[in-house]
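Chain IDs A, B, C and D follow the sequence of writing; residue 1 opens each chain.
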Amino acid sequence: MKKLLALLLAVMLLVPAFAMAENVIKIGVFEPSTGDNGAGGKQEILGIEYANSLKPTVTVGGEEYSVELVIEDNQSLTDKAISAAQSLVSKDVAVVLGSYGSGVSMAGGDVFAEAGVPAIGVSCTNPNVTLLCDYYWRICFLDPFQGTVMANFAKELGATKAYVLTMLGEDYGVGLGKYFVDAFKGLGGEVVEENFTEGTSDFAAYINNAVSNGCDVVFAPCATTYAALIIDQAAAQGVPFPLLAGDTWENSAILNAAKGKDIKVYCSTFFDENDDAAAAAEFVSGFKAWLNADSSKMTNNGGNDIVAAVSALGFDAYNVALAAIEAAGSADSAAIAEALPGVTYEGVTGAIAFDDVGDAKKDMAYIKFANPETGAFDFVKTQSVGQ
Amino acid sequence: MSEMKANENSVLRLTDITMQFGGVVAINNLSLEVNQGEIVALIGPNGAGKTTAFNCITGVYEPTNGAVYFHGKPIAVNHPQGRMAKQYGGINGDLYKDRKPVVYTPDKITHMGIARTFQNIRLFKSQTAFENVLIGTHLRRTSNFLTATFRLNLREEKAMREKAMNLLEIVGLSDVANELATSLPYGKQRRLEIARALATDPTLLLLDEPAAGMNPQETDDLGEFIVDIKNRFNLTVFMIEHHMNLVMDISDRIYVLDFGKQIAEGTPEEIQKNPVVIAAYLGVDEE
Amino acid sequence: MKNGKLRLIISLAVVALLYAGGCLVEHLEGTKSMVVTVLQKGAVYALIAVSMNLLNGFTGLFSLGQAGFMLVGAYSYAILTIPMAKRAAVYQYYDGGWVQFTVGVIPALLVAGVVAALFAALIGMPVLRLKGDYLAIATLGFAEIIRAIVQWDTIGPLTNGSNLLKTYPTLKNIMPGNTVLFTFIVVGICIGLILLLINSTYGRAFKAIRDDEVAAEAMGINLFHHKQMAFVISSFFAGIGGALLAMYQGSLQANSFKSSMTYEILLIVVIGGMGSVSGSVLASFLFIACSEWWLRFLDAETMVGDFKVPLLAPGFRMVVFSVVIMVVVLFFRKGIMGTRELWELGGRRQAKGGRRIK
Amino acid sequence: MFNTLLPYLLAGISVGGQYALIAVGYTLVYGILRLINFAHGDIFTAAGFFMIYLTASLPIGISIPLVIILTVILGFTVERVAYKPLRSAPRMSIMISAIGVSYLLQNLMWYLTGGLAKQYPVLPGLSQTIRIGSATTKVVTIVTPILTILLVFALVTLINKTKIGMAMRAVSKDFETSQLMGIKINNVISVTFIIGSAMAAVGSLLYFTNYTAVTPTVGAMPGLKAFVAAVFGGIGSIPGAMIGALIIGICENLIKAAGWTAFSDAFTFALLIVVLLFRPTGLFGEKVTDKV
């Protein structure tokens, strides 16, 4: 019995587990569909899938390749992300899209770099994602920018003392929080900083601290799971000041939490579904129709057909990847990695072109307000740093 | 009695030992002495406190009051302290008031040269007979974990193995050296425990009911065996035993314990005639 | 005796063959292959599992602090080896951090072990006096405390707080193209040392303590001293294991060293057999291969034609996996190997026993 | 000063009461089986999920008793399947089995719920906000300590006054002897798990009303803390578990108030270690002497 087992083990270890069909190019989708960021990750996947449904093939060197999406769940955890990334790499994906969440992207980046597979960050905003990895590019703006934008906005709302709340161990939130603090202090504001540990569910005391410290704005970039609890508590305590956060809060979980409550929630994001640019409008209507046609997709989007910015980014990321493959004229990872920096693309979230580090040169954020009456996001304004 | 003149030949001396658990006084003011080269037996009905006395000697328990000396050196001294001072139920509670308490852990006491066996055999159950004895040689090692890991102690290791094998031969178990200790028959397990105890190079051997569970033939053999190893290793033996034949055969002196108190002391002949013992112990046992 | 020597030679030959095989796989399959991943991670887990087995299986101390010591080792390694040029970027919130030097990989690995061992020595002093499950829960608690300290913002310039550590030398940097060989060598040396220790007089003393503390103490074995020794040595290797894990992962975050990580390692030890080094090694590779590779298909929603295969959905893999583990825990309590080693399988049963316990 | 501390105190008392309800399960099981039931925290989580799925289709009035029943069934099943076969095995094996069950339950819940946080339903009456002095809080904060004290009182009565309570006390004093005395050990153990699970279900109702996101791993930390509370109070003592839990709940929130958030969890474990070292029997535990 044991010998048989050992033999089986040996055979399974040695048998390579891949089979390549002809003229298929694989694109890895490295996203969380479970865990703290699962909700956002699913929306990002939807954008990618929608783009794939529109352009299921790519022409390389005169030959038509069909594109196959290989989706791997990184569970919003940095250690699981490594396994997921390895799994993608072992399935011979040519290029990777993702992830929602910076920590997992940074963790996975090393695996992609090692394998020489280029990765295109969709909504991971921490500078280190691209800075510390030569194989990571990104199509969204960065936290220093986003933090500054929100600090400016907070100032415009008349805030003088900000309460910044982030989760320990979350690169995205901690990073964005720091940039906000720097910017807000630079504008002459005062800041009270606190953080909570993973799994915290009691935010009563935190909100109370914000009140008792005389803060007049809360900035809490964190995963939607905690965001809903924070909004809930803030509403329960009837805080008079607004809650601000970054891109993660543009999610139906936030809308649900804020709905019907006396609370002002703002977030910055990459895209607005009421954008009147032609490409954006076309994407929005097409995406909504696509969602409405399939109830399971609708569920993954949070049960409604509101277009999340991350879906738009996912859509753009897919198209950037195709553009890179076409530019490379090859399905080979190395060639794509070489072609990527030169790719420019006019996406639904704006023009995309990469700088030396691999970041998209984006200088505009959309600020949205979670309307408690309509249960939808209202577009407030676009904001750049210069303003 | 505590600071009496030291007997040159004294190997083990207990003075005024009281052991109290909560409200239960297991041993009350026990004093006894075991001299060089003697075989001394401690007898008494079940629950008389015999094993407790062993545990006080070997450091498993800290006596509530009294002192234990080994070759004249105190290895346990205590007097009722703390909460025990209030609920102390023994006698002579104030004799050791001014003495500094002395506590040694069982391994330290074994180091000094007291080895023991257990009433309910406690062999290392996942180890072979040989390994059980080998473990007994560990305490006299000179190697540290680094030299042992890097095998810089080969000579010592070899000596340990030879010694263990030798002891197995002496107790007549060399043929089952590689058998799992717990798979051996009862009598052999008892002998193995003795071999393991001998591996620690003791000068005093405490045997806790070495003949328990043996048939008369085995018991007789055991008696000879105990005398034999006593002579061979120049030991002093202090044992708890229920088999009266064995006790009467090989003991030089006998202490009798009942309800934690010493009721008699003397040679086998004296004990056999002692009316108190007959009444309290033999009488009860015979019923 | 002769038989034993022969078996030793055969075992060594098999190990050498396995090493050669491991390296060959990497050259044949390339670094992208899942086999290589399994071999790397499996080897790292093997070391960690063996280090835990030294405590739980051989010394009978039920400690659940392994993740904490791995964390210490991993952080020590990473902090010491991040290249100077990258420090400013890694410690972006802490002005480049306090540590302004780097050391080589091998010294850093050793330091990782030593720091973990120092922590163990400190923790062991109070904790090892506890018995059984109290020891388990106290070590678990200490692991959590260590994690909290590492994430503490005040020492952020040292540990980068709760943020990722990256850019330190990983497996591929040291022996490019031979990552498996490097892992196997380091792990092999460590496990070899543990084996030598277990089969020395100290190892016998550990086993004596496991079997019967009272009898061991009566045999002159200083319980605290030996427990402390096992605890410190186990942590030393857990620290090295943690450092290797960091090298394997390429990035490091305190958050992933939770008690669930300790539980996983404990389950590996149980599957392999408490008290069997080769069992732990075998179980590690099996465990990693299943969780990273063979069972992954269970997580993918699969269509066969138009038919959607039922049950298959994200998370199903772990369910199947944990059911298998429960079956082992309940019905095959001795695990794959019991207390025996691979090289004893052919030999006489009673040489080591395990089987003959009624 | 008091005004800043008040919300923390309130949060502490309420979370402490909820820990207490979980801790009862630990202390009872440990008292009888000498087992740290690592799966208890996950049973608590499962109760949260039961509520979410039941209220999706049933009115709350029916859901609540159903949740308690389902949780009890789960606790009972876990004992029968994972602990009973190991009754004669070494204690380490049972503990490993408990860890295995915890692992299984977490993975199972992850699979069944898709790994995303679920929103706990709003319980009318409990979820309203009220003001106490300068602090705003939910009604549940006030209800928790009262309900906890009532339940603990009822349980203590049960254990001291009824036949099954007497059997439980006997089994926890001496497992083997009580078996010889004709006590049906398995029944007693089952009752223990049933009571523990029911308490955990009630605890989950209160806990998740306050903190509304349920994830598969959400129960692990409260579970461990509740165990610490049980040790702190003196394992086996039910009032001890309650007082231990309240102290832990309050302390951990006061630590947050002091700005040491990162150490609020670590504090619990530090407390555990200190208690184990200096007073292993806890605040109200009985002293036991080992037999050699």
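Criterion: a residue touches a chain if its C-beta (ideal position, glycine included) is under 8 Å from a C-beta of that chain, and two chains touch if they have at least 3 such contacts.
Being a predicted model, the structure only gives us computed values, none of them experimental.
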| item | value |
| --- | --- |
| Pair joined by more contacting C-beta pairs (A-D or A-C) | A-C |
| Farthest-lying chain, centroid of Cα atoms versus that of subunit A | B |
| Centre distance in Å when subunit B and subunit D are each reduced to the mean of their C-alpha atoms | 47 |
| Intercentroid distance (Cα basis), subunit D paired with subunit A, Å | 37 |
| Separation of subunit A from subunit C, taking each centre as the mean of its C-alpha atoms, in whole Å | 34 |
| Where subunit B and subunit C are represented by their mean Cα positions, the distance between them in whole Å | 43 |
| Two or more partner chains touched - positions in subunit B | 60 |
| Residue numbers of subunit A (touch at least two other chains) | 33-34, 73, 168, 195 |
| For subunit C, residues that touch 2 or more chains besides their own | 151, 153, 214, 314-315 |
| Subunit C-facing residues of subunit A, complex | 2, 9, 12-14, 16-17, 33-34, 73, 77-79, 82-83, 86-87, 89-90, 92, 103, 106-107, 109-111, 114-115, 127-128, 131-132, 168-171, 174-175, 178, 195, 198 |
| Complex contacts: residues of subunit C adjacent to subunit D | 56, 62, 126-127, 129-130, 132-134, 136-138, 140-142, 144-145, 147-149, 151-153, 214, 259-260, 263-264, 266-267, 270, 274, 313-316, 318-319, 321-323, 325-326, 329-330, 333 |
| Subunit C to subunit A touching residues, read off their complex | 21, 25, 29, 31-35, 37-39, 86, 89-90, 92-93, 151, 153, 161-164, 166-167, 170, 172, 249-251, 253-256, 285-286, 289, 291-294, 296, 299, 314-315, 336, 345 |
| Residues of subunit D defined as touching subunit C within the complex | 34-36, 81-82, 85-86, 89, 91-93, 95-97, 99-104, 106-108, 110-112, 114-115, 217, 220, 224, 227-228, 231, 262-263, 265-266, 268-270, 272-273, 276-277, 280, 292 |
| Subunit B-facing residues of subunit C, complex | 193, 196-197, 200-202, 204-205, 207-208, 210-212, 214-223, 229, 233, 275, 339, 348, 350-354, 356-358 |
